[in-house]
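The following pair of complexes shares a single chain, chain A, combined with chain B in the former and chain C in the latter.
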Partner chain A sequence: MFFHVFKNRIKCLFRDKQALFFTILFPIILGTLFNLAFQNLNDIDAFSKIKIGMVKNQGYQSDLTFQQVLTSVSGEEKDALFQVTYTSEQNAKQLLKEEKIQGYIFIQDGIQLVIKEDGLYQNIIQSFLNDYKQMQYTIASILKENPSVLESVMKDLGNRKNYLKDVPPGNAAPNWVLNYFYCLIAMTCLYGSFWGLREITSIQANFSPQAARLNMAPVHKLKVFGASMTAAVAIQFFEVLALLAYLIFILKIDFGNQLGYILLTCITSTVTGVTMGAMVSSLIKKGGENFKSGILVSISMLMSFLSGLMIADLKYVIQDKVPILSYLNPANLITDSFYSLYFYSTHDRFFTNILILWGFNILFSLATYFVIKGQKYASL
Partner chain B sequence: MQVYKLILKILYKNRTSMMIYMGVFLFFAILSSASSNNSEITTLTSTKIKYGIINSDQNSEIVKGLESYLNKQAILVSLPKEKEKQQDALFFRKVEYILEIPNGFTDSIMNGENVELAKTTVPDASSTVFMDMLVNKFLNTTKIYSGHAQNLTQKEIVQHVQSDLSKMTPVVFQNDSKGKNDNFFAGYYFKFLTYSQFSILILGICSVLIVFNNTDLKKRNYASPMKLRNINLQLILGCVSFAIISWIVTIIPSFFMYKSVMTTKTGAILLISSFLFTLTALSISFLIASFIKSRNAMTAAANVVSLGSSFIGGVFVDQMFLGKNVLTLGSFTPTYWYVKAVDSLVKLNQFHYVDLKPVLNNLLVVVGFGISALMICLVYLKQKRQSF
Partner chain C sequence: MVIKVENLVKRYGDLIALDHLNMEIKEGEIFGLLGPNGSGKSTAINCILSLLKFDKGTITIFGKEMKPEAYDIKRNIGIILQNVAVFDELTVYENIDYFCGLYISDKKERQILVEEAIAFVGLHDFRKFYPKKLSGGLLRRLNIACGIAHKPKLIILDEPTVAVDPQSRNNILEGIQKLNKQGATIVYTSHYMEEVEQICTNIMIIDNGKAIATGTKEELVGMINTGEKITVELLQPNVEVLKEIRKLPNISSAELNDHLLVVKSSKGKNNLLFLMDHLKNNNISFGKVYSEPPTLNDVFLEITGKKLRD
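Take a look at the complex of A and B:
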């Protein structure tokens, strides 16, 4: 009996083209669009050699020290700061106008920097030039205090030390764009609520004629409902896996490599979505299926929005300012599970998320159970 | 005007879903204008990096000096205590550079011993390169003083270092025209409206045409004493007035949000451009509507077309951040050309023909999209009618 209902419910659900579109095709399209639009976003702040111009005039030719310093930080090496174009002033102006260089250096009565707009790269160029100028002041002021140390000061200036050592920020690169994709999965799981809605509609006698017929059958309602909810979860889980495979293998989105935990997150959040749909649609007595699915879309979208689907920062802001909201929002718990698997080396936060999600799953299921159990109808 | 009235009735009945898109648009438009105060497009101190310090050493003059030196070129943000929260802050770029000052740091620097500061950063980022430069510069200069001028106190050393490091290289700005800040924000608004216009028009036109394309209703209409030409004329009139209403509703908030821009020439051209885009979107919606048979397909088409064109056309993410392939793909949408027109428009300070030419050219392409969609639509409808 269980398998009979299960099989037929699967068939029924597969024929619901609109729900199929929103639970699998739409996330895939959105994922593709995210990937197209955001692929360069995380690299915006990546450092690449700064292109600058150096005007080869009288001032430059006569400042041999500066020539040396500039060559030492530019060139083909990977860790060089600048890529220098040596040119005339006229040409440098043109290059800057066409934004082929970030700025150019001009030596006449001291070093000058000419730029078009202000930005981090311009700051770096200026900081480098400042360095050169400031060193001269340092030498002068030390020699004033203690004229005998010229030689050792020059030596110290020659071998400047790096005082910094790198500590990796987390388990992986802090690529905030990933949050969009984690949110997308959360949204898909919550869209699984459509299936929950379908199951409630076809089991509550006052929601559809088909359900009225089903209630006449000599089979325990919980058994039928159990089978049909399993069918809904199965379909949704299959879709989430398909989406995950698409994201990982086609779009090459980084989910870390803890496959077991990733699957656990998927199944947990699939159940959350389906049971949430069942609860909401069993609680709303009035309004047709369209009205209810409108409500479900709004709830899912609001939750996904709050976990950063449209603005990634929002997830952080809410966690920082209203932490309770981030624990009460299933979409955020799902997103955060993927995030903590990717970024943290420990699993504390991951398991907290999963446990709360299961808490929600049980809550949603119980609420649904108490609404639909043992209902009798005087008339339909 | 029976047909015209009918169209308005159908649209009114379907208002909810269209109003949702209008709401989404307004929400984001207001959100983006609210965050416009801390913009990045200003003068040489604008691109300040957010950094945090964890000090495990005493609060010595040197540590204070380092902090105040960094504060001139970066913004000190307070860090959360838990390690995980610091990681979160870095992931979402609420802080870009975390510097840890170890215990015994001041003594080591003063005695010329080796000392290492741990930094947690966004790997390979420009902000990291810049902050590294600043920190190393301060410490190297400090070390030179502490190594060679033994009779100086900590405070004096810091004073010397700060005075040396305050010597700046003069910066000259090359004068090229650059638009005003407000223009850019009005630009965002007018780019973003492509999203809502597309969604609303597709939903509206589809819900009208689904009714009119119902075979039984069509047969009934053909049998009516009203001339087919008359029906079609009213149909077109109805759709065009719907587009105009939706355009007017969309642009009204811009007059409140960007008053200073909307009364200038830039504002006027933005209005014209958005109107042209609306007409193009209308004719594309017409084309889509003539292929669509069910309401489910209608929602799907509205979502895919509006989101798709906004993503690859450069509405949600600036065109300069999009990859080359994406832009090529995007150039097959009118949104791409409209966004291009708006982007070049908001930079303008002068409005001679030469300056306006790129704007006009891009707008011509937008209109071209509209005309060709209309042509395809007419040919298709003609063929369909003959096979009817």
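Take a look at the complex of A and C:
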């Protein structure tokens, strides 16, 4: 009996082209558009070396200290600040004119900076030079007034202490664009609500004639419901896997290497979507299937919006200002599960999210059960 | 007794949908539940099937109390609802197989039953069609096949011919009679008195949730004073004729519509003969003559003061 209902429900759901469009094609199209739109965004944020010119005049040749400092902050290393072109003053002017460098330094009656226009890079060069000048002045003052402490001061200056510590949470490099894809998967999982809605419609005699016929069959309604919901979860899980495969293998989105946990998130979230749809559908007595679908789309979109589907920062604003809302929004819990898998080496936060999601699953299922358990209706 | 309903009361707020309804349906009957739209036919059926909650009364089917969890009773019931109850995403064969599978778990046995149901409703050429590709009549046939494939002893049909073309309607009615001959007890609801007259062996007329008359067609007609309706084609119509005709025994009304003289009689014998004699004796020449016995509509009209399809 269970398999008979399950098999036929799978057929019914799989042949529903309209619902299939929304639950799988729409997310794939949206994912493709995201990929096109966000492809270069991470690269934009990457810091590139500032191109500067250094006039190799007599002043430069005689200032060995500055030569050393400049060499230490430039070069081929990845974290170098400057890419320096050593040249004549005339050539440096030409390079600046052609905007091949952001500015050039020459040493004549002190260290001078020539720039063409103000900007971020020019400010960084100026700050670097100011810093150098200040240190040079400090050392000169100590030499003049108290040369005995020079050695300890030099030691301190060489050992700059950074009071901020970088703690790498995991192996992954920060990638805020990923949040959009997490939201997309969350939205797809929540679209399982459409299947939940359909299963309720097909089992409640006051919602459809098919359900009235089903209610007259010599089978326990909740057994049929169990088979129907399993079919709905199976279809949606398959679709989420298809989306995940598309994102990973076609669009080459890197979701980290914790496949088991990713699948656990997907199945948990799919159950959340399907049970949420079933609950909403069973609670709303009036209005047809289209009306209920409209409500479910609105709820799913609102949840996805609040979890950062349209504006990535909104997720963090809500976490900061109204943290309780983060825990009450299944879409946010789903995205956060992926996020914590990708960025953290521990699974504490991940399992907290998964547990809360299962809490929602149980809550939605119980609410649905109490509505549909009655086998007689007040009106048909 | 297949179905016994006693003092069934169903209220929707202040509206009394079923008012102490009593009903007895014997094995082998085609029991017709006749009434206008909104009279309570479908409500009665849904209460009998334990789909609807009711306020008062008892319902027994096959001698046992009907409850939602009475699976042994449900196993022997087939229902064909007013609205077509099939899945658009399943083919004709799959739909019948799905609903039959809720009753019959053995796959081989089910396969035979599904094939028989397809043959019974004549959908063999459409077995791979999806419901959306079927005409209204074929869709109704599929609806019936889904309800009867498991060979139930009791078949309940709630207005199965609504919005069906005359040819398909006849097919459906013939099919119902065939099912009855094969041994099934039939409960048939309709607001078409012609259908009920044609196939039902026992009829209950229902209005405002109350049973107003029950019996065979002959018994029901015998309950009223209305007699036959005689229509005579007059070759030379004359209004003066009417006065004399109205004086004849058992004549309740006489009207002249163009060439047609329409005479309604009350219950009594030889009304047609008296009228013919009167016309001959008064040298009134006439052409065709029609005589129609009273219908269930006359029964309904006389008891409630309104027509069945008002």
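Simple rule for what comes next: the second predicted complex is superposed on the first by the 257 of 380 C-alpha atoms of A that agree within 3 Å, B and C clash if a C-alpha of one lies under 4 Å from a C-alpha of the other, contacts with A are read in each partner's own complex, and residues count from 1 in each chain.
Everything that follows uses one rule, which is that contacts are C-beta pairs under 8 Å (C-beta built on N, C-alpha and C of every residue); 3 or more make two chains touch, one makes a residue touch a chain.
Source: prediction; values computed, not measured.
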> Is A:L64 in contact with chain B, with chain C, with both, or with neither (first, second, both, neither)?
Replying inline: neither
>> Applying the document's definition of touch, where does A:I324 land relative to chain B and chain C: first, second, both, or neither?
In response: neither
>> For A:L96, using the defined touch cut-off, is the partner it touches chain B, chain C, both, or neither? Pick first, second, both or neither.
In response: first
>> Looking at A:A217 after the superposition, I want to know if it touches chain B, chain C, both of them or none. Which is it: first, second, both, neither?
In response: second
> Does chain C touch more residues of chain A than chain B does, or is it the other way round?
Replying inline: B
>> Contacts for A:Q112 in the overlay, against chain B (first) and chain C (second): which applies, first, second, both or neither?
In response: first
>> Can you tell me which positions in chain A touch chain C when the two form their complex?
In response: 1, 4-5, 8, 11-16, 202, 205, 208-210, 212-221, 224, 375-380
> Quick one: in the complex, what on chain C touches chain A?
Replying inline: 12, 42, 46, 49-53, 68-69, 71-72, 74-75, 77, 79, 81-87, 89-90, 94, 98-99, 101-103, 105, 146-147
> Once bound in the complex, which stretches of chain B touch chain A?
Replying inline: 28, 31, 42-47, 49, 73, 80, 84-85, 87-94, 96, 100, 114-130, 132-137, 139-141, 143-145, 147-149, 151-152, 160, 163-165, 167-174, 176, 178, 296, 299-300, 303-304, 307-308, 311-312, 316-317, 321-323, 326, 329
>> Residue numbers of chain A touching chain B in their complex, please.
In response: 17-18, 21, 25-26, 29-30, 33-34, 36-41, 44-47, 81, 93, 96-97, 106, 110-124, 126-131, 133-134, 137-138, 141-142, 145-146, 149, 152-153, 156-157, 160-170, 173-174, 176, 179, 310-313, 315-316, 319-320, 339, 343-344, 349
